[in-house]
Every structure is written in structure tokens, then in C-alpha cells.
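Here come two complexes built around chain A, the first alongside chain B, the second alongside chain C.
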Partner chain A sequence: MPIAAIILLPLLGAALPPLVARHGRPAPAWAAALVTSAALAITLWLTPQVLAGGEIHSHRDWIPLLGLSLSFRLDGLALLFVLLITGIGLLVFLYAFYYLPAKDGLGRFYALLLLFQGAMLGIVLSDNLLLLLIFWELTSLSSFLLIAYNPQTRVARQGARMALAITAGGGLALLAGFLLLGAIVGSFELSVVLASGDLVREHPLHLPALLLILAGAFTKSAQFPFHFWLPNAMSAPTPVSAYLHSATMVKAGVFLLARLFPVFSGTETWFYLVGGVGMFTLLFGAYIAIFKHDLKGLLAYSTISHLGLITFLFGLGTPLGAVAALFHVGNHAVFKASLFMAAGIIDHETGTRDMRQINGLWRFMPYTATLAMVAAAAMAGVPLLNGFLSKEMFFAETVHTDWLGPLNWLIPTAATLAGIFAVAYSMRFIHDVFFNGAPIDLPRTPHEPPFWMKIPVAVLVAACLLIGIVPAQTVRPILDVGVDSLLGFSPDFSLAIWHGLSLPFLMSLIALLGGLALYSQRQRLFAAHDRYFPRTSGAAAFQYTVLRVRQLANDLIARIDNESLRRYVAWLIGTTIVLAATPLLLGDFHLAGERAPTPLDGIAATILLVLAVATLATVRVRRQRLRALIVISLVGLMVTLTFIHFSAPDLALTQLSVELITTVLMLLALFFLPGDPALSVSRWRHRRDLTLAAVAGLGTAIVAFALMTRTTPSISDYFLAFSKPFGGGQNVVNVILVDFRGLDTLGEITVLAIAATAIVALLWRLRLPIRAGDPTGRPWADDRHPLIMAAMSRPLLPLALTVAVFILLRGHNSPGGGFIAGLVAAVGLILQLLASGLAWTEARLRVSYFALVGVGLLLAAATGLGSLAFDRPFLTSATLHPHVSILGDLELASALAFDIGVFLVVLGTVMLILEGLGRLNRPGAANMSPRGED
Partner chain B sequence: MLIELIVSFFLLVGASFALVGSIGLARLPDFFTRLHGPTKATTLGIGGVLIASVIYFSARSAGLSLHEALIALFLFMTAPISAMLLAKAAIHRKVTTRSRVPPRFER
Partner chain C sequence: MILSLSIYAALAMLAVAILLNLWRLAIGPDDTDRVLALDTLFINTIALLVVLGIHFDTTVYFESALVLALIGFIGTAAFCKYQLRGDLIE
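Take a look at the complex of A and B:
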């Protein structure tokens, strides 16, 4: 699995920089460089094999049902990208170390860069579409985090949000496209998809699949009209711009075009869509770039334009077009990364990126200036540099295009025009920054940057020159295998610098001269642009849309949500009634089933009668809250008795402890409620509520009666039969909780833990007015913790805990279990809180309830995972039957560990909530009420 | 037969004390005397029922049934505390003795 190692190294290695961050500033940089070097070394070790024409595959099933597998492939195309990602990555790491402010800890930054790197490598090495998509979205996420590296600035946050919305949104479209493609082909394996080109192109779903996939590619590669996120992403630190937003991540889109080239290319739709969008983006980006005063803005639009060029070349669908596109991917990455780094150096040394201020830097930093000028010349397409070669191939391809018939001449003309623009903005980058008089109002006096900061730029510029002068000896082999893996054959192409006096050369010449001429007339051009160019921008439209959507959502919420609990409950119950009644009324419904009702016994009748009376009494005294609380606890007690009467001891125990705890919680909450609960409720609302309540109650009774008089096939029989043989316990209720429905329970305790955390967060530092006395104005009693009560409740704690442990241990076979035990233990603790106060208890009980909850959750999850070690499904339980002298025959199921987890979570949750509420009447209120002492 | 007679006797004793306590709670004239009533019900009243229970279950099964002792223990711990807390609350609220108290427990 050496291929997987290439991806895993950076992904796992991302944890390394933060870990070593405390060993000094260079440590994270070294760690990141080490990880990337290892990945690069593995790649280089595999390179000869790929160059010899061998594709390397590896495959491992992940979720076969979904068609998701861990398949990787290292072919020529992937190799080209891997070398770019790791190679430029190393240079960026070196550069970033000097670029970032000395006060910044570098752990997080390098971790994010490595995370991105791993994800990007994953995209290019995936041999499974779904796997590719996972990595695809991961790059969007890491890009989001990197753009917002300085989250304090509004621009950074906005740019990050925009980039995430556009690229991740495109990712969703891509997912849909992949699903369609997978449905057409019958597999998500790339190898299968690539071999099914004809099938895909003739399938009726071809167009939707293509459109969705292109939406993904175009958003990622910043093609018009999705381009605007890229300039807004320039608020990222410059190393990020150099790495993600020019050299690698934005190439993911064109990589996808290349990957699926054999499947989709060559159709008319492909040409018009991909070629059209590419050509327009090429022209548009190049034109806008001329007018950007921000250094990085110019480079960003130039990047958009070059990405358009590559897209256009793929859109042509010709073998030589693909060659030129691939070649330009590499060339652009090399010169644009170095230009971004140079821009970063200038920003770093002058304190600004505004080209109206930075002029004449040649005198201050001649070395940097030389490097930047060479790179900019490569961008413009000056001979002897790498940009010239691929641009020349591009021009040649436009000349040979035959898609538009009589309008064929349009394409080379547009290409030449784009070339003119490119030369103009490159000229601006050179002339405006390094010459053109003296600097104006610079925040800092510039000078050459540290030596090692220039090295990455120098390396990249040297690569520009080398590729530009001796292409055949440098990039030819990699380009050959890359093209081969794309097309299945190596087309005949020449990488010579001089092809004779051909049309493409003429176009290059026109572009160079035209660009110079255009730049010399820049003052007039700027004025015309300001006057005539429409002021709308994609970013503004995006922000406007986001704003409107948010407004719409707010309006909608305001309409539904009037913060009246009464109303919500009315809607909830009303909807339930309608949903439940409709099928009953429409269908053939008989009230009584075939089973005769059991005869009514006296005890049950009494309990039910008291229950009904207590319920009505609660309604009657609802305005007097304390009284209502007392009466409603009678309701709970009667329910408990019902459970006991019908032999459900587990339920009864649970109900009893829940009843107790909720009463205490409500008493605590009652203390903070405003004094007078009298609300004027209209007669109409009264009638509405009464009707709803009556109908709902009657309906429930009818359904219950109908259900209980029928013998419906039930899963209970299964549980009863297999509780002992499968679950190893005789208490079916408990076996269901910890075994049959263990996953449900795990989910439930997770929800409990989340709820506890949320409640603590909501109550955190909450200040509620604490009244100095009761509603009649009488002050609170002085004796807050009566001695007798405190003294008598203390011995109850060990008793309660013993009972809890007992209930917990025996729970698998007799009534009990973790849930009840947790509640019983909580009751014991609550008693101490009530009798002796929060401070007293806290001083003696040094347990973090958060830790209880956390440990409980981990224990339960670990027990579930434990069964995986024995190749059994998640949460399979195992049993042991040791005989312990005093306790008798013990049933040690692994479910017990799970139950202990449940116990801890329940105990911790209850105590967290209670403590949070109890704490409310403590802080800062000392001067307001005698209660403050606690 | 004899066992059943004894059990019935203790049940009746317990029940009558519980009844007397309840009547007292409803009929006695003020808060503090009323506080007196339920204590009869919890001590002698429930005590009688518990004794009956001990005898009945000990006779029915082989060993001596002492679960009831626990119930008694907890009653002895909680009853005085709740009574004391009620009394303290009454004192705090300045409930006067012999004041006119509505005849029924409700309200």
C-alpha cells in the first residue's frame, strides 16, 4: 500500500506540528517538511515504475454496499500532480516559516497545510469516484480554515465563507454528478468508468451527469461565473495563496476534467460548455487583471485566466489540446507560485500590496526584483521561459480548431487578444512595482528579505528557465506518461523552442507587442474601464443573495415563531391528531379487536380513579405553581403504582426516581419564575385548547383500546425467547437496553450528554434576578440548612450508593440496570445538595460531573467497539459466569461495562443540570438576598 | 388460621390509627395541632401494617421476613425531619396557634 502511504503521511502527520510546537518556532516547520519529504520520497521511489509505463493500483473495500472503496491509482496524470503538490508544498513550507509573523505559533498553520496536502493528494490518487469526492470536500474545508487563518478580520471571514459556499456547494453538485455517472456505469471505480466512455456518452442521463460534474469542476477551478471566490480568498496568508489558490487546489477542477477526459470529451456539448466557459474565463480574467491595483488581486485574476486557458484546451477535446493543457498546468503552477511568493515578499517588506504606492522597488530589492521579473515574463509567455512553450502550443491548437465552421477565425483571434491582455498585466506587475518612479507613502522602508525566503522563489524561477530552455530533457518524460494515461496513447508532439516562422509564433509576437502597446496607453485604458465597465460583481451578487436568504429565513421564522409555548404545543398536538386520525377515519376501522378485555380489578380501578382526579386537579390549580407541582407529583406516583400493579418493576423504579428528580428540578426552576403567573387568555384560546386536549386524550384512548384488544404480531416474543440465549440475561428490559437495542441506548446517552452540555452552556454565567423574599415580601428564612436534616441525610448517601451499585450489578437478571442505578445515585447526591448546600457538597465531592459523563460515554462506546476485536459486529455482548462467594452467581456480561457507562452518563447528566440550576442563585447575589451565601 | 387472625388484628390496628391520624389532620383547629395528626398515621398506623406484613410473610415462606425493618428505619429517619421542617416553616411564616383554620384540608 505505498500509494495509500503517500496520502496518509500528510493526513496523519498533520497532528505532528501542533505536538512539537512547544519546542520552538522552527519545530513545526521541520515536522511538516519531514512528512512531505517522506511522501515525496515514496513517490520518487515509485516514479521509475510509472515512467516505464506501469500504472500502480491498490484496492481495499470500505463500504462495498455503497460502492465506496479505498482504491488508489498512481498513473502518469497522478504522478504529475503528486510531484507538483509535494514539491511546491516543500517550498511553500520553507517560505511560510519566514513569511508568518514571528509572534504566531506555527503548529496550527502547518497542521492545516498538511491536512490540505493529504486531501489534495487523495484527489489525484483516488481510483474511486466517491473516495475522490471525500477528499475533494476535505480540500474545500481545509481551504476554508486556511483563508480564515486570521479570523479577526472581517474580510478574511467573508472570503473564507464565500470560498466554502462556492467550492463545497460545487462539491455537492459533483456528488450528484458522480452518483449519476455511477448509476450509468454501474460502478464507482474509476478504472471501470474510464473504460465505459461510449456507454456514458450515449446514455440519456449523459447531459445531467456532465452538467453536474462540470459544476463541481468549474466552481473549484474558479471558472466564470463562479470565479469570484478566488479573488476574495486572497485574504489568506500569501503562502496559502501560492500553494492552494494558484498551484494546487484550484487545479483540482482541471484535474477532474483531465481525469474524466476519456469519458466525456469529444462531444459537441463538451466543446461548447468546457471550451466556451474556458475561453470566456480566459479573456475575462486577463482583462480584469490589468485593472487590479492590489498585487495579489492581479495575480488572482491572472490565475483565473490561466485556469480558463487550461479548461479551454481540455474543451477542445483533441490529443494535442490535452498535451498543452497538462503542460500548462505544471508551468502555471511553477511560475504563479513564485510570483505569489514574490508578491508576499513585497507585501512583507513594504507593508502594502497597493501598486499605486509600491513603485521603483528595483533599487531596494534587486535580487527579488530579478526573480519576480523572470517569473512574470514566463507568465506573459516570453521565449526561453516555460510559459512560452505551453502558450505556443495553445496558439497552435486554436489555429487548428474546426468547431465553429465559418467562424473558426474567432478562436485564434480571441486567444491572441487574451495573450495581449496577459502581456499587459505582466508588464504592469514588472513596471509598476519595480520601476515607475519612487515609492509613495510606504508603511515600511523596503529591503531584501531574509536569504532563505528568496530560495523557494529562486528554485521555482530556475525551474521556469530549465523547462523553458531544455524541455525535452526535463519535463518530457513525465508529460509523456501523463498524456499516455489520459489518452491511452502518446501523440506525436514537439517541445522545441523554435518551430520556424509559423502562425502561432506570429500570434505570440502580436501578443507581446500588443501587450506592450496596451500597457503604454494604460492611463487612457484605466479611465475608459472606469467609465464603461459595469460595476456589478459576482461577489456582490453572492453577498446580496446570502443576505436575502437570511432575511427570508428570518421573516419566515418570525411568522411561525411567536415564542408561545402554548401555540407550539397546540400545533404539535393538532398535527398529531390529524396525522393519526386520517388513516383511521378513511380506513375500515373497528374499535374492538378479537380479544376480550380483561376484567376490571379494584386496585387498578382505584389507581386509575386517583390518577384521573389528580390530573384534573392539576389543571384546576395550574395558576398556583407550587400546589400544581405537588398535585402533579401525585399523578407520577399513581403511574408508578400502575407499573407495579402490572408487574413492571423496572419501569416503576425508573418512574419513581425520575419523578423525584424532576420535582426537585422544577422546584429549583420555580424559584426563578416571576411572581404572578396570571395570564389573560382569550375564551377562544381556552376552547381551542380544551377541544384539542379532549380529542387527543380520547383518540389516544381509542387507539390504545383498539391495539390492546388485538393480537398483533409483536417483536416482544422474540425478545422474550432470545434474551437469555443471546443477551445472557433474564431481565428482558435490561437486555433490550444494553444488547438488542444497545445502539439506540448509546445514541440516547449521547443525546443526554449533549443535552447536559447544552444546559450547562445556557446556564453559564446566567444572571437572574433573585428576589430578597417571597411574593408577599417576607424575607427568606435564615436557617438555610437545618442541622437535623443535614445530619440525617448524610448517612443516606452511602446507603443510596450501595443500593445503586446493587441495582446496577443485578440489573441484567433482575429489575435494575445502569439507568435506574444512575438515577438512584443522583437522588442520594441531590439530597446532600438540598440538605447541606452546593458549596458544602462541592468541597467534599471532588468529582467533575463532566468527566463522569465523558468517561461513561467512552466506556459504553469502547465496550461496543470491543466486540470488533473479535470480528463480531459493533456492540455484540459476551458473558461470563464466575461464582463469587458472598454475591452468589454473578453474571458478568460485557453488557455490564456498557451499563456502567450508562450509569455514569445518567448520574453525571442529572448532577450537571441540577448543579447548573443550583448555582444560579449563588453568584454575585450575596448583596441582594440572604440566599447568596451558598 | 391463628396467623390470619393476628395479621388481621395488626392490619386493623394500623388502619384505624391511620384513619384517626387523617381525621385529625382534617379536623384539628390549627396548624401545630394538625401537625400532630399525620405522625400517628406514620408511626402507629404504618407500624401496625408493617408488623402484619412481617408476620404474614414469615409464616408463608420459610425464613423470617425483615424487609419491613428497613421501611420502618427510613420512616423513623424521614418523618421527624419532615415534621420539623414543616414546623420551622410555620414559625417562619408566623402561623399563630389557635387561629381560625378552615375546616377542610383542601385550600
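Take a look at the complex of A and C:
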């Protein structure tokens, strides 16, 4: 699976930079570069095979029922993109190291970049539509995090949110489109889909599928009218922009157009939609770019325009159009990445990006200026540079287009016009920044950046020149196989610089001269633009919509929600009653079933009587909170006894531990509550609640009775029969938890971990006032930790831990298991917190509870994944049978490791929550980190 | 013979003790009395479980009794700490 490794390396390697971040600033950068280099090396190793015309496939089932599989393909198209993503990625890594402020720890940054890179590689290498979509959404998420790298600034947050809303929204449309496409073809495998072009194009669902898929591609590639997220994403650090808006992210959309080119292209709909949108975006982006005073804003709109160009070329549906499109994908990535980097250097050195201030930088940074000017010339399409070649191919294609009949001349005209705009904004980038007088009010005096910061730019500019001068020797082979994977053959095309005095060359010439002329008249142009161009912006409309929706939601909530807990519960119980009673009342319901009731035994009757009385007593004293808590302990005890009496020791043990932990939790919370509540409920509400409670209780009793007097088919028999042979344990409850329903348990402990994290986050830095005495006014005792109590408590910890370990190890065959063991261990620790205090315990227990939870989760998940290595489904258990004294025949099922994971998560979660509550009143705790770092 | 007789006697005495605990729990008068009543009730329940275990000749009750002892003590400690200091974990 070398192809999967190309994706997995950056995805898993993303964990590396934060881990090594403590070893100094360069460590994360080196780690990231190492990971990407490895992925690049694998690709280069496979390249000869692909260049020889061989596509490499790998396939592994994931969820065959849904048509989702882990299948990858490395063909010419994928190869081109992988080389761009990893190659430019490496340069961006180097650049970012010098760009980001020295005080920044770089762990998070490189982790996010690697994550994003892995997701991008996943998109281009997937051979399954659903898999591709997963990576597609992953790029949306990770780019969101990258754009919001400095979440303190409002612009960054807004830009990131907008990008996420637009691209992830497009992703949803794409999902729908893929589902339709999969339904038409009957498979989600790309290999099958690509071979079914005719079937798809003649299918009645062709148009909706195409529209949805294009919505996905256009949002990602910032095509009009979804373009506005891209300029707003410029709030990202410049290395991120250089990466996202040159080789990756926005190229995902055009990649999709290329990938599905054999399936959809060539129809009239395809041309008008893709070609039309592309052409409009090309013109629109190029025009707006001229007027952006922000350096990065200019580059952003230029990117939009170039993406429009590529989209238009794909829209033509001709073989040579596809060649030009692919060629321009690479060329644009190379010169745009270098331009963004140059803009970043200028921003870095001058402290601003406003071209009205930055002038005449040639004198301050001649090397950077030279590099940037060459790259900008490539963007404008000046001969001897790579941009010229693909642009001329584009012009040539527009001349040969025959879709519009008598209006055919419109297309080359529009293309030339866009060319003129492109030259004008490139000229502005060159002339405004590096010449045009002296700088105005710069925050900093500019000078050349560090040597290594220029290297990535220089490498890219060298590539521009190399490709531009000797295209046939450099990019031809890869372009050939790339086109081959789109068309199934490689069309004859010439990559020469000089094709004679042809119409396309003439168009290039007009564009160059026209652009220069336009730029020389820029003052008049700016004035005209300010006066006549409509003041609408997609971003503003988007923000307005978001605000309106939020306001509507708030109004609605304010109308129906009075934040009364009593009302919530009343609605909850009332709804449940209606839902449960309706079928019973409407249907043919007999209370008693066919089974005779078991005779009443004395013990059960007594327990139940005490239980009922204690419950009523709790209700009676509910306003004296402490007393209610004491009485409800009796209820808990009676429930436990009921479990013991009916032979459910697992439940009894769990009930007991949960009972105690809840009591401690309530006592902790009670301390911060104001005095006992006064009566404030109206008589009517009182009656309503009483009725609800009575009906709900009675209803539950009726349903329970009806159910227990019937013999219903049950799955318990299955579990009882197969617990030993399949799960390797005699304790059915535990085997169900860790084996039969292991996935559910994994989900549950994950929820526990999330809940603990959320609780800690909510309590974080919350400080509450303390009451000076108890509700009766009696002052608190002076002795915080009575000596006798502390001395009595300490020996109980090892005892409790022993019991916990015993229960844990033995759980698979006798009552017990990780959950109960975790609770018992927590109980032992809680006692130390009570008797000796937080500081004492912390000084001796140097374990971060977060680490416990994390290790536990990882262990449980790893156990589950372990079975995959033996080609068994997730969480299949394996057993060993060593005999250990005292514990008896110990079933060392792999489920035990899983159970230890459960144990750690439960222990960690309980302690995190209790400790979080216990910290609430500590004045000095404000500077304590919840991560347990200090 | 003697064993079963003594078991019955023990069960009867424990039942009376538990009833008295419940009575104290009901009348109070103080919350401290109730905490004490609850604690004693836990102890008597442990005894009851162990005696019942001997009576039915089974070991399943013992573990419950063990955990009950642990939990009962800590519960009482928590209530006492609350009464004394209000703040459980300081």
C-alpha cells in the first residue's frame, strides 16, 4: 500500500510537530519537512512506473455495504497534483519558519499544515467517490483552522467561518451529487464511474447530479458567485495563503473537474455551465484585481481569475483544452506561490500591504524585487516564462471554439480582454511596489529578508523560467500522462515558445500592450471604477444573512424558552407520557399477560416498602437540601439491596459507587448554592406537576407490569449462549460491554471523555463566593483536615485500589469490570481529597487526569484496531488462559486491555469533574492550567 | 443446628436494629443525627448481607458487603466534612 502511505504519512505525521515542539523552534519544522519529504520520496519512487503509462491501484474494503472502500489510484493526473502538493508544501514549510514571529511555538502550525496536506493528498489519490468526499471535507475543516491561525483577531475568525461555511456547504452539495452519480452508475469506485460516461450523460438524473457536483467544485475553487470567501481568507498567515491558494485547496475544485472530465464533459450543459462560469470568473476576478490596494487582495482576485481560466478550459471539453487547463494548473501554482511568498516578505519587511504606501522598494530589496517581478511577469503571460505558454494555449483554444455559432468571436475577445486586465494588475504589482517614487509612512524601514526566506521564492521563480524556456524537456512527460488519464490518449500538441506569427500570439501581444496602456491610465480608471462600479459584495451579503438567521433564532428562543428547569422537565415528562400512552390507549391493550406473577417474598416487600417511604420522604424534605440528600441516600441503598436480592451484583456495585460519587458531587455543588429555597410555586403549577408525576409513575408501573407478565422473545438467550464461546468470558454483562457491544462502549467512553473536557472548560477560571457559615449561620470549623480523619483515610486508598484491580481483572468471568473498577478507584481517591485536601493529594499523585482519560481512550481504540491486523472486524477479541492463583482461571481476553481503557477513562473523568468543582473556590487557582501542566 | 439458630437470632436482632436506624433517620432531630443513623444503617446492612450469605451458603453477597463498607464510610465522611467545613475538597 505505498499509495496509502503517501496520504497517511502527513495525516499521522501531523502529531509529530507538537510532540517535538519543546525541543526548540526548528524541531517542528524539521519534523514536518521530514514527513513530507518521505511522502514525496515515495511518490518519486513510483513516478517512473506512472510515466511508463501504468496506473497504480490499491483497494481495501472499508464499509462494503455502503460502497465505501479504501481504494486509491496513482495515475498521471494524481501524480501531477501530488508533486505540486508535496513540492510546494516543502517550500512553504521552509518559508513559514522564517515568516512566523519568533515567539510563536510552531507545533500547532505545522501540525495543521500537515493535516491539511494529508487531506489534499487524499482527495487527489482517492479512487472512491465517498472516500474522496471525506478528504474533501477534511480540507475544509483543516483550512478553517489554518485561516483562523490567529483566532484573537476578528477578521481571522470571520474569514475562517466564511470559508468553512461556503466550502463545507459545497461539500454537502457534492455529497448529494456523488450519491446521485453512484446511484446512476451503481458503484462509487472511480474506475467504474470513469468508464460509464455514456451511461451518466444519458441518464435522467444527469443534470441534478452535475449541478450538485459543480456546486461543490465551484465553491472550493472560488468561482463566481461563491468567490468571496477567498479574499476574506487572506486574513490567514501568508504561508497559509501561499499554500492554500496556489497548489492546494482552491485547486481541489478544478481537480474535481479534471477527475470527472471523462464522465461529464462534452455536453452542451457542461460547456455553458462550466465554460460560462469560468469565463465570467476569469473576467470578473481580473478586473477587480486591478483595484485592490492590498497586495494580498490583488493576488486573491488574480487567483480567482486564474481559476476561472482553468475552469473555462475544462468547460470547453476539447482534448487540447484539457491539456492547457492541466498545464495552467501547474504553472499557476508555481508563480502564484512565489508571488504570495514575495508579498509576505514585503509585508514582513514594511509592516503593511497597502500598495498606496509601499513604493520604490527596488532600492531596499533588489533581490526580492527581481524574483517578484519575474513571477509577476509569468502571471501576466510574458514570453520565456511558464505563464506565457499556457496562456497562449488558452488563447489558441478560444479561437477554435465553436459553441456560440455566429457569436464565436465573443470568446477570443473576452479572453484578450481578460489578458489585458491580467497584464494591468501584474504591472501594478511590479510598478507600484518596486518603483513609483518613494515609500510613504512605512511602519518599518525595509531591507532584504533572511537568506533562507528568499530560497523558496527563488526555487519557484527558477521553475517558472525553466518551464518557460525548455517546456518539452521539463514538464512534457508528466503533462502527457496527466492528459492521458483524463482522455485515455495523449493528443498531439506542441510546447514550443515560438509558433510563428499566429492569431494567439497576436492576442498575447494585444494583451501585453493593452495592459500597459490600461495601467498607464490607472488614475482615470480608478476614478471611473469608484463612480460607476456597483457597491455590492458577496461577503457583505453573506454576513448579513448570517446575522439575520442568528437574530431570528434568538427571537424564536426568547419566545419559547423562559430558562425554567421546572418547565423543561414538565415538557419532557408530558411529551413522554403522550408518546407512550397514545399507542396503549388506541391499541388493544391488556394489562396482564399470560405469565402468572411470582409470589411475593418478604424481603423484597420490605425493601420496596422502605424504598417507597424513603422516596416520599425525600420529596417532603426537598427544600432542606442537605436533609433531602441524606434521605435520598437511603433510596440508593434500597435500590442496591433490590439488585443484590434479585442477583444482579454488577448493578449493585455500580449503583453503590455511582450513588456515592453523585452524593459528593451534590455536596460540592450545594456549598455554592444560596440558602434553602423559599416556596415560590403557585398552587396551579403545584397541581400540574403533581399530576404529571403521578401519571408518569403510574404509567411506568403499568408498562413494566405488562411487559414482565409476558414472554417476549429476547436477545438475552443469544448472549447467554455465546458469551463464553465468542467472548471468552462467563460474566455476560461484562462480555456484552467489552465484546458484543464493544463499539457502543467505545462510543460511550468517548462521550465521557468529551463531557469531562467540557465540564473542565466550563468551570475553568470560574470563581464563586464562599459562604462564611452553614445555612443556619453556624460558622465553619477551623480544622480543615482533622488529623484522625486523615490518618483513618490513608490506609483506605491501597485497599480501595486493591479492590478495584481485583474487580477489574476478574470482571470478565465474575461480577465486575472496568467501569465499576474505575468508580471504586475514584472513590478511594475522593476520600483522600476529602480528608487531606487537594494540595496534599496533588503533591503525591503526579498524574494528569487528562492523560489518564487520553491513554484510556487510546488503549481501548488500539485494542479494537488490533483485531484489524489479524484481518478480523474491529474489536474482535482474542483470548488466552493463564491460571493465576487467587484470581482463578484468568481469561486474558484482549477485551481485558479494552476494559483497562474503560477503567482509566472512568477514573480520569470522575476525578476531573470532582476536582474541577473542588477548585471553584480556591483564590490562587486562577493561574492553574486545566491541562495539568503546572 | 446451633449455626442456623444463631443465624435466625442474628437476623432478628439486625432487623430490629435497622428499624431503629430508620426511626432515627425519620425523626432526626438534627441532620447530624440523620447522618449517624444512615451510617449505622449501612453497617447493619453489611452485617445483614454477611449473615444472609452464611445462611444461603453463597459468596456473592460478600463483595457487595465489601464495597458497601467502603462506600458507606466515605459517604459518611463526605457528609461530616460538609457539616464541618461546607467545602468538601479544599
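Everything below uses one rule, namely that the second predicted complex is superposed on the first by the 561 of 934 C-alpha atoms of A that agree within 3 Å, B and C clash if a C-alpha of one lies under 4 Å from a C-alpha of the other, contacts with A are read in each partner's own complex, and residues count from 1 in each chain.
In this text, a contact is a pair of C-beta atoms (placed from the backbone, for glycine too) under 8 Å apart; a residue touches a chain by one contact, two chains touch by 3 or more.
Predicted, not measured: the structure shown is a model, and the values here were computed from it.
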- In the superposed arrangement, does A:788 touch chain B (first), chain C (second), both or neither? first
- Considering only touches as defined above, state whether A:633 meets chain B (first), chain C (second), both or neither. second
- Between chain B and chain C, pick out the one touching the greater number of residues of chain A. C
- Task: In the overlay, answer first, second, both or neither for which of chain B and chain C A:796 touches.
- Result: both
- Message: A:375 in the overlay: touching chain B, chain C, both, or neither? Say first, second, both or neither.
- Response: neither
- Message: Touch test for A:917: chain B only (first), chain C only (second), both, or neither?
- Response: second
- Message: Looking at A:442, would you say it contacts chain B, chain C, both, or neither? Reply first, second, both or neither.
- Response: neither
- Look at A:652 in the shared chain and tell me whether it touches chain B only, chain C only, both, or neither; answer first, second, both or neither. second
- Thinking of the overlay built on chain A, is A:396 touched by chain B (first), by chain C (second), by both, or by neither? neither
- Overlap of chain C and chain B interfaces on chain A (superposed complexes): 781, 783, 786, 789, 796
- Along chain C, where are the residues that touch chain A in the complex? 22, 25-26, 31, 34-35, 38, 41-42, 45, 49, 60-61, 63-64, 66-68, 70-71, 73-75, 77-90
- Query: Which positions of chain A touch chain B when the two form their complex?
  - Reply: 778, 781, 783, 786, 788-789, 792, 796
- Query: Of all residues in chain B, which touch chain A in the complex?
  - Reply: 77, 80-81, 84-85, 88-89, 92-93
- Message: Could you list, by residue number, the parts of chain A that touch chain C in their complex?
- Response: 610, 617, 626-627, 630-631, 633-634, 637, 640-641, 644, 647, 649, 652-653, 656-657, 659-660, 663-664, 667-668, 670-671, 770-771, 773-774, 780-781, 783-784, 786, 789, 793, 796, 799-800, 803, 815, 824, 827-828, 830-831, 833-835, 837-838, 914-915, 917-919, 921-922
